[in-house]
Amino acid sequence: MINLKIEENVKESQNVNTLYFNWDQDIRPGQFAMIWIPGYGEIPMSFSGLGRRKSITVKAYGSASRKLTELKAGDDLFLRGPYGNGFDVREGRKLLVGGGSGIVSLYPIADQETDALISAKTRDELIFKDRFPESRRFIATDDGSDGFHGFAHELLQRINIDSYEAIYVCGPEQMMYKVLQVLKGRKVFVQFSLERTMKCGIGICDSCSLGGKQVCKEGPVFNIEELIGNPEFGVYRTTYSGRRIRLNVK
Amino acid sequence: MINLKIEENVKESQNVNTLYFNWDQDIRPGQFAMIWIPGYGEIPMSFSGLGRRKSITVKAYGSASRKLTELKAGDDLFLRGPYGNGFDVREGRKLLVGGGSGIVSLYPIADQETDALISAKTRDELIFKDRFPESRRFIATDDGSDGFHGFAHELLQRINIDSYEAIYVCGPEQMMYKVLQVLKGRKVFVQFSLERTMKCGIGICDSCSLGGKQVCKEGPVFNIEELIGNPEFGVYRTTYSGRRIRLNVK
Amino acid sequence: MSDISTTLAGIKLVNPFMVASGILDENGYTMKELLERGAAAVVTKSIGISERDGYPTPVIVEYGDSLINAVGLSNPGIENFGEEINIAKEAKRPIIGSVFAYNAEEFTKLSVKMEEYGVDAIELNLSCPHVKGFGLEVGSDPDLVEDIVNEIKSKVKVPVFAKLSPNVSNIIEIAKAAEKADAYVLINTVKAMAIDIYSRSPVLSNLYGGLSGPAIKPVGIRYVYEVKKETGKEIIGVGGISNYKDAIEYIMAGASAVQIGTALYKYGKGIFREMEWQLRTFMDEERFEKIEEMVGVAIKR
Amino acid sequence: MSDISTTLAGIKLVNPFMVASGILDENGYTMKELLERGAAAVVTKSIGISERDGYPTPVIVEYGDSLINAVGLSNPGIENFGEEINIAKEAKRPIIGSVFAYNAEEFTKLSVKMEEYGVDAIELNLSCPHVKGFGLEVGSDPDLVEDIVNEIKSKVKVPVFAKLSPNVSNIIEIAKAAEKADAYVLINTVKAMAIDIYSRSPVLSNLYGGLSGPAIKPVGIRYVYEVKKETGKEIIGVGGISNYKDAIEYIMAGASAVQIGTALYKYGKGIFREMEWQLRTFMDEERFEKIEEMVGVAIKR
């Protein structure tokens, strides 16, 4: 278990906070850590900042993540990692497609040539909108409270995909499944960062598996070609117990 | 356990053999290995050759060493090591003082500027005599059957010690104790390589200890200053069980 | 060239390497993948009567190349597991169904169901907490073990493997209690714990966990040797096997086949193919024609 | 500045680090050296009634940073050991005399003699083979353990420490049998074996040996935690401590002091001084003033 100290806790929105900490560790965009909140559990978190000062951006959705958002400067941060493969970050014009909290793990890819499509259910749940200049961002909300009124994959259909060298996608699986349908067969390089129930983080417990691949170790980043034809992507998820449940995405 | 193959077995004398083997390993003169002869035990052996082809020179004195002398080319050699500190080999004129099998561990020090005083009980037990040219060797036998008639320390008293930069001594403890008395107070650099009952070879079992120092790990090589005043050198030995026995050297 | 295929309790294996229970064997697609990547057989995650979440996270502590885990027998329940076995069977290699329970009746019910699902053998995970408490396991009670094994053997036709716990005073007593089993699996994890000194707390949510990986290999070798020598029965060796040398060590101690688990964490799924050619090379060089010739050769009589 | 001195069963220790029995503690000069190099106390090699050679070589197998040993209770016999204790006592730090035997009578005779020699405490090594055979140890028989401890406690005045074996089904049962002891020492080595695949043979002349070092640390932590929680008694933690973090982990699990053994193989005699300042720094940073404040803080009630 690695023991770091929180340097700063910055509120991003009502229930989203970014925690900054010093950690002398090479991490690739898209890699993640298992963050341990003693007494509350351990959760996978991707990194939102990878400079000398690292950061994670946490949305409070359960007791562990809520406790995490409440950490103050000087508090202990316990984690193990980094884990996973990370993105293959290409040169040239890039598009990030982030649904909900998905934009967090994509953000470290961003450079001067990167546009971002950020989607959320509603305006208040948009994350990192202000980190992109208006000229470089596309906003979509399910309820139309900001930007395009509709889903990410619908807005994506209105964007000139061919102008990008690479597209990186992260978000809820149903959103990514639909984005995949839009991008399938296009000649652009596309990678998806997946999220599944995760326990061990190191490729042995089989909780996060997807058609035989472990999201925590062989992922979380997969090329579009690896997901097309995957028998579980967008089709099944497994519960914390390992029970198979059919998704109603299609 | 390291598994090597015997390349060659050369008979040195009636009950002394040198076993050659390839082992890509840095070893300092004076270091040793624990040689395992399955079914017969494990014994410490110093190296007699440290080139690309390594060697050990074995005198048959018990069932394990006898079995070792009988190994043939192609047979397995099992060992762990190298262990111990090894000699601090100085530039310039050197004298080796080897009693009995003691010359074996000293031999890798030998260069064009090295003389050797080789002693044994009797002519047949002299080892490596022929490896030194006549002009560079001093021979002593207890029974006078070859060279000087007497002990190593007596012959040493007749040698111009001041002509050497360094003197390296190895042999039975009573012989080394007497050599130490001769060399004590002289300004020449002197090291002794000690032999004691050894079990673990790695500094934990306390079988080979000598005034608090483990011969296998902090030795087997000690500077003369470390041995002067040592409460056990030349005074006590311990049995395989650990029982303290007073030596009758003085 | 040496033949690395072998037979265990009548089950043909293309090599002596299986996937150990509890590692990458809950999802049918994962089991299929491991079989396609070279594993000769997989043992499924241990399945119980009902769906069970197991323990909350953290469920694992990394300890060098070893692991301490307390997943807590999380499983979808026997009724939901048939589909996973069906998927895994597409790889056309043996599937061994692992089951856990607290008494002979439940064990038997699970084993019968596994047999219906078409598994090639049953593995009994005897590490459940004993109803007596005190941190004892089912597998430390010889009477209970005997009941369980005898009852199952009277109800199923496929071979039954009893996975024995190392957390006992007298393994021979337990092995003899399980003597109607077709083979022993040795060893399960060693009870262990890790404390984080900065949070001043055990790391695992369950506090205690099971130690697996290289740390326990010498313990596993000891148990395999001892039990093989005393019983002569077929044994599947497991515990800290990370490479072909470890596997051979287990085989020479008396194992007819071995299971790989924790090593997948460090070495990934390529380990099976790699161990296959390394084992073959070793056998060629050391003049062993068949696995059987190596089984128990280190045992001194 | 934090105070790293502590008291164990009334014995003052300048730091919580002792030398474990069986490591560099047969020769009085060696024990003296270790005390002068920073060890707070030494536990002697286990001494029996008569001189004993122990097993022929090989008596040790290196396994990473861990070791498997089968020295076989080699010792000069109690009559010959007084001189070693006298030499060690020149360092003016506590000496704990370890003794082994097969029954209460011999254990008591040894303990009385150790007390005459002036040791500060007695440590009971309960790992001797049990007369019943089957590879069982004296320490796995609660009745025998109770006999031994009670008999000794009635005959000697210095504190008595019972070193318990991890090779048992139910450590609490054994601990309770030894409850008259002043402290428990946890854990002894874990029974293990190593086979060399090229010679096709176990390496140790005794075949079986005891695993010590980092491999068993998580096992030791578990036992210390469990026994401390259940009994509340003072515990000396031992098993795989290689640095100050490991020592603190044992202390937080419930140990009042710890023993260092196998780590001397890898880190040498400087380990005591190094751990002293590292422990002091940790306690300063984490605001612990005294060792006692850390003892058992990780235990969940």
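Letters A, B, C and D mark the chains in the order given here, with residues in each chain numbered from 1 onward.
As a working rule, contacts are C-beta pairs under 8 Å (C-beta built on N, C-alpha and C of every residue); 3 or more make two chains touch, one makes a residue touch a chain.
Keep in mind the model is a prediction, meaning the values are calculated, not measured.
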Point to revise | subunit D reached from subunit B - shortest hop count over touching chains | key: 1
Exercise for review: Calculate how many whole Å lie between the centre of subunit A and the centre of subunit C, each centre taken as the average of the chain's C-alpha atoms.
Suggested key: 36
Point to revise | Averaged-CA centre spacing for the pair subunit D and subunit A, given as whole angstrom | key: 50
Point to revise | Chain centre separation in whole Å, for subunit D relative to subunit C (CA means) | key: 33
Review point. Quick one: subunit A and subunit B, Cα centre-to-centre, how many Å?
Key: 66
Check your understanding: What positions in subunit D touch 2 or more of the other chains?
Key -> 61, 198, 201
Practice item. Sort the chain contact graph into one of these: line, ring, star, complete or other. Key: line
Revision key, fill the gap. Every chain pair meeting the touch definition is listed as A-C, B-D, C-D
Review point. In the complex of these two chains, what residues of subunit B are touching subunit D?
Key: 1, 3, 34, 36, 38-39, 41-43, 76, 78, 80, 199-207, 209-214, 217, 231-232, 238-244
Check your understanding: In their complex, what parts of subunit D are in touch with subunit B?
Key -> 23-27, 29-30, 32-33, 45, 51-54, 56-62, 67, 69, 71, 74-77, 80, 83-84, 196, 198-199, 201, 203, 205, 261-262, 264-265, 268
Check your understanding: Across the complex, what residues on subunit C touch subunit D?
Key -> 61, 63-64, 66, 68, 134-136, 140, 167-170, 172-173, 190-195, 197-198, 200-202, 207-208, 211, 214-219, 221-222, 225-226, 245, 248-249, 252-253, 282, 286, 297-298, 300
